[in-house]
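Two complexes come next, and they have one chain in common, chain A, joined by chain B in the first and chain C in the second.
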Partner chain A sequence: MTDLLIIGAGPAGIAAAVTAAEQGASVTVIDDNHAPGGQIWRGEFHGKPWYDRFQKVKLNIISDARVIAVHGNAVVIEQGAAARTIHWNKVILATGARELFLPFPGWTLPGVTGVGGLQALVKSGLVIRNKRVAVAGSGPLLLAAAAYLRAKGADLVMIAEQVPTAALMRFGMELRKHPKKLKQAAALQLQLLGVPYVRDCYVEHATGKGKLETLQFRQGSKTFTEEVDYAAIAYGFTPETELAAAFGCEILAHGVWVDKRQQTSIQNVYCAGESTGIGGVDVALLEGELAGLAACRKPTKHLLPLLAREQHFASLLNQTFSPRPGLKHLCTADTIVCRCEDVTYQVLRQQPDSRTAKLQTRCGMGPCQGRICGPANTFLFGWEQGSVRPPILPARMATLALSMTQETSS
Partner chain B sequence: MRAVIIGAGIVGAACAYELQREGFQVTVCDPGVIGGGATAAGMGHLAVMDDSPAQFALTSYSQALWRELAEELPPTAEILPCGSLWIAADAEEMAEVHRKFAYYSERGIPVEVLDSQQLAEAEPHLRPGMAGGLLMSADGVCYPPCAAEWLLRSVSVIRARVVRLAEGEVTLDRGSRLEADVIIVANGTAAVDLFPDLPLAPRKGHLLITDRYPGWLRHQLIELGYLKSAHSTTADSVAFNAQPRATGQILIGSSRQFGAVNGEIDPPMLARMLQRAFEYMPGLAQLASIRTWTGFRAATPDKLPVIGHAPGYSTVYLATGHEGLGISTSLATAKLLADQLMNRESRIPREPYLPGRSYSHD
Partner chain C sequence: MIELFINGRGFFVKEGTTAAAAVLTCGTAQFRSSVTGEPRAPLCGMGICYECRLTIDGVQHARSCRIMATEGMRIETT
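For the complex of A and B:
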């Protein structure tokens, strides 16, 4: 039995774990990565905010582990070939977000990746030096990822931001109210000096024989092509809410519902960071700290003004960088939307609702459990995403069987 | 002649298809999507079974109909002629293999007895030391929601619940009424909403599907103990049943529960079901599962469907109570009803399935 279980060791999970441990709680952290840091600090947690405090506290960290099932106050995790049950008094869900992919012709070609996705590939050994790379989609991650890739030697062809120029200008004006962010943006711009940042521009299709060779971009009424080796494309993020759903928490369109103390609709189940709504690393850290304090029954009011300020910035981001409706019309008849089951746009377009689409085409029924095509279909067709049942993530049947017998003993 | 069919599952769809071919103008009503109930939840067996002579007659007739239809069905219906292998764990079950072999051979069903070694060669992932098996090579599996959708492709389907039934007329939940010369109630367990006296009980089942492992499993496998557990009409039970799917995935069942009303996964039941599967195929434990779900079979006390005139009506017919064999027996069900409507003789006797029967079971 652990006092406090934290699921996810990205910024929110780290802040929550450190804060609660500093308050004397016995804390267990489960993370699906090899080392703490989440997607954003993958392999680079050292030197980041909270790192020193993290080093000083005692935490029980279970890495490379995934939560497969939730039963009452227990979770069943799979770690390699082993499975075990962990009981908790309070839990903080800090599962973060995944990139939002919107399908377009050629998006399944090898060489087309997510923005954070390409970064992760490089961190795990992909050699990007002297490769021609285009970064496209939407949001500040494009700049951060481009700077990273450039530092690793990539030949950055361009950064294409789908947001129209006027909206970016308005965002720039508002940015002045957030000097810290302005400074970060300026630093990134400096690192990206000489790389074209093209506004009001998006990838219309990708072509190549067996792998990506050419990207066609659209900017207003004109189109142009670029020869590239890699295209890193994503339209921001979508919150990971599947685990919260398995806990029975109320989920809203933007993420998991929480109160002012980060508690979800289920008592003793807290949620912090991107899964409560896309807000970026600073919101995640604050929400994590808040959740850590709240779970230890400590006051949290002092953090609320800071959080409000960060959330203002987050809502500004979300308003500015939401995908434009025109992106709904990129797919051609034979563009694959559901990659697990090879379901094309043509087939999906004829389906009256998501349930029929699932049954008749098996869209979303593959091993990604609809995590990739689900948000795309919400954007394309307005379909609701499916329910969550065990296994929350694909798991060995032995783990699932174990998870099912645990409930009776808990 | 107009027909209204209540229920867009495989049985309703088969009836709609058949009646349309007889020249009826058919409308199907269902509050959910096509094939969204037990049809979507089930395994999609196309199997011949011999629990009773009437079950054998219906399943073997229907299997022949599926074989004819298979040539017309689109690839999405995923007809996979994988055959069924009944697994005998011990000598007692092997005796049952020989009994079944004799029964089916006499009746012209292609069937083969496998000894312990032949069984192991046929399915290398089975636990060693099984007594043997019975191969029914004409059995197969399909993907029922797409089969139902194809059967209904030129039929008018209304997304509405029928809340009231009268002679020659149904009332929909939205208030409107539909007149018909023939009304067929083919909505599975929900038929009791319209016919509270029907001896029909929902029997909950669990299923699990794996990631893709092409070639890992070659036949539909069913433990002979299945007969013992599926025979019980009261106790909760599990039995090993696994199917290869056209996608390379493996579908694993089965569980049977009476009295369960909510569709949530019942963890102890699912655990029992999986443990049973591991007993037969230990390697399954290491394969990745991607989804689990539940569904409700419409079960009758004598394990036979209810097909024919509804008691007290002249225009209303029943086609429900197919338990776990709704996909297998849907096409024959539709033929029997069409024959009755057209005053024709049927290929098999209709009496065992008539709604007014005694429903006594052994």
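For the complex of A and C:
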């Protein structure tokens, strides 16, 4: 039995764990990755904010492990081929977000990746030196990832941002109210000197024999092509709410519902970071700290003004960089939307909702369990996302057996 | 450096490289075939899309972006 179980060791989970441990709680942290850091500090947590405090506290960290089912106050975790259960008094969910991928003809070709996706692959050892890379889609991650890839030697062909110029100018004006972010943006621009940043522009289709070779971009009425090795394309993020749903927490369109103390609709279950709504690293850290304090019954009011300020910036980002409706019309009849089961746009277009689509076409029934096609279908067809059933991630037979024993005993 | 085998051919990669990064770096574009036979390769890089599945040391459908390359590892694409 652990006092406090934290699921996810990104910025939110780390801040929550450190804060609660400093208050004397016995804390267990479970994370799917090899080391703490989450998406942004993948393998590079050393020297980042919170690292010193993290070093000083005692935490029980279980890496390379995934929570795959929830039964009362126990979770089933899978670590390699082994499975076990962990009991908790309080739990903080800090499962983060994934990228939003919108289908277009050719998006399934090898070489087309996510933006954070390509960055993550390079962080995990992919040699990108002298490869021709285009970065496209939407949001500030385009710049951060491009700067990272360039520093690793990639030959950056261009960055294509779908947001129209006027909206980007308005965002630029608002950015002045946030000096820290303005400084970050300026630093990125400097690192990207000489790389074309093309506004109001998106990838219309990708072609190649067996792998990506050519991208076609559209900017207004103009189209042009580029030969590339990799295309890193994503339209921002979508919160990872599947685990919270398995806990029975109320989920809203933008993420897991929480009160001012980060408590979800379920008592003793807290949620922090991107899973409560896309807010970026500074919101994630503050929410994590809040949740850590709240779980230890400590005051949190002093953090609320800081959080409000960061959330203001986050809503500015979300407004500016939301995908334009025109992107709904990129798919042709035979464009694959569900990549696990190869279900095409034409077939899905005839379905009334995600549930029917699942039953009739197997869309969302593959191993990703709708994590990739679910948000795409919401964008394309306005469908509500389907419900999750345990296991929330594909699990080995042994874990499933353990999970079922728990079910019958709880 | 560590030596691993991709479809029987030997390659050297840096320590701390995942199996997915190793396969891409060694010049193999296609990781697996989809249910209708299309070529596929990593998309998300973070363990959720399952497009990076490979047969690793005899274990099928391994998420290669989550698995560290190890000395002598045998990787098969499909």
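Here is the rule we go by: the second predicted complex is superposed on the first by the 406 of 410 C-alpha atoms of A that agree within 3 Å, B and C clash if a C-alpha of one lies under 4 Å from a C-alpha of the other, contacts with A are read in each partner's own complex, and residues count from 1 in each chain.
The definition used in the following text is that a contact is a pair of C-beta atoms (placed from the backbone, for glycine too) under 8 Å apart; a residue touches a chain by one contact, two chains touch by 3 or more.
Only a predicted model underlies this, so the values are computations on that prediction, with no experimental measurement involved.
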item	value
First (chain B), second (chain C), both or neither touched by A:Leu126	second
Partner chain in contact with A:Pro110 - chain B first, chain C second, else both or neither	second
First, second, both or neither for A:Gly366, with chain B first and chain C second	both
First (chain B), second (chain C), both or neither touched by A:Pro391	first
Touched partner set for A:Pro164, first chain B, second chain C, both or neither	neither
First, second, both or neither for A:Pro49, with chain B first and chain C second	neither
Doubly contacted residues of chain A, that is, touched by chain B and again by chain C	341, 366-367, 394
List of chain A residues in touch with chain C within their complex	32, 34, 39, 43, 64, 98-99, 101, 108-114, 116-122, 124-127, 210-211, 336, 339-342, 366-368, 371-372, 394
Chain A-touching residues of chain C, taken from the complex the two chains share	13-14, 16-18, 20-22, 24-25, 29-31, 34-36, 38-51, 53, 61, 65-66, 68-69
Residues on chain B engaged by chain A in the complex (per definition of touch)	32-36, 40, 76, 145-146, 149, 208, 210-211, 247, 252, 265, 267-268, 270-271, 274-275, 277-278, 284-293
Residues on chain A engaged by chain B in the complex (per definition of touch)	69, 71, 81, 341, 352-353, 355-356, 359-360, 362, 365-367, 369, 389-391, 394-398, 400-408
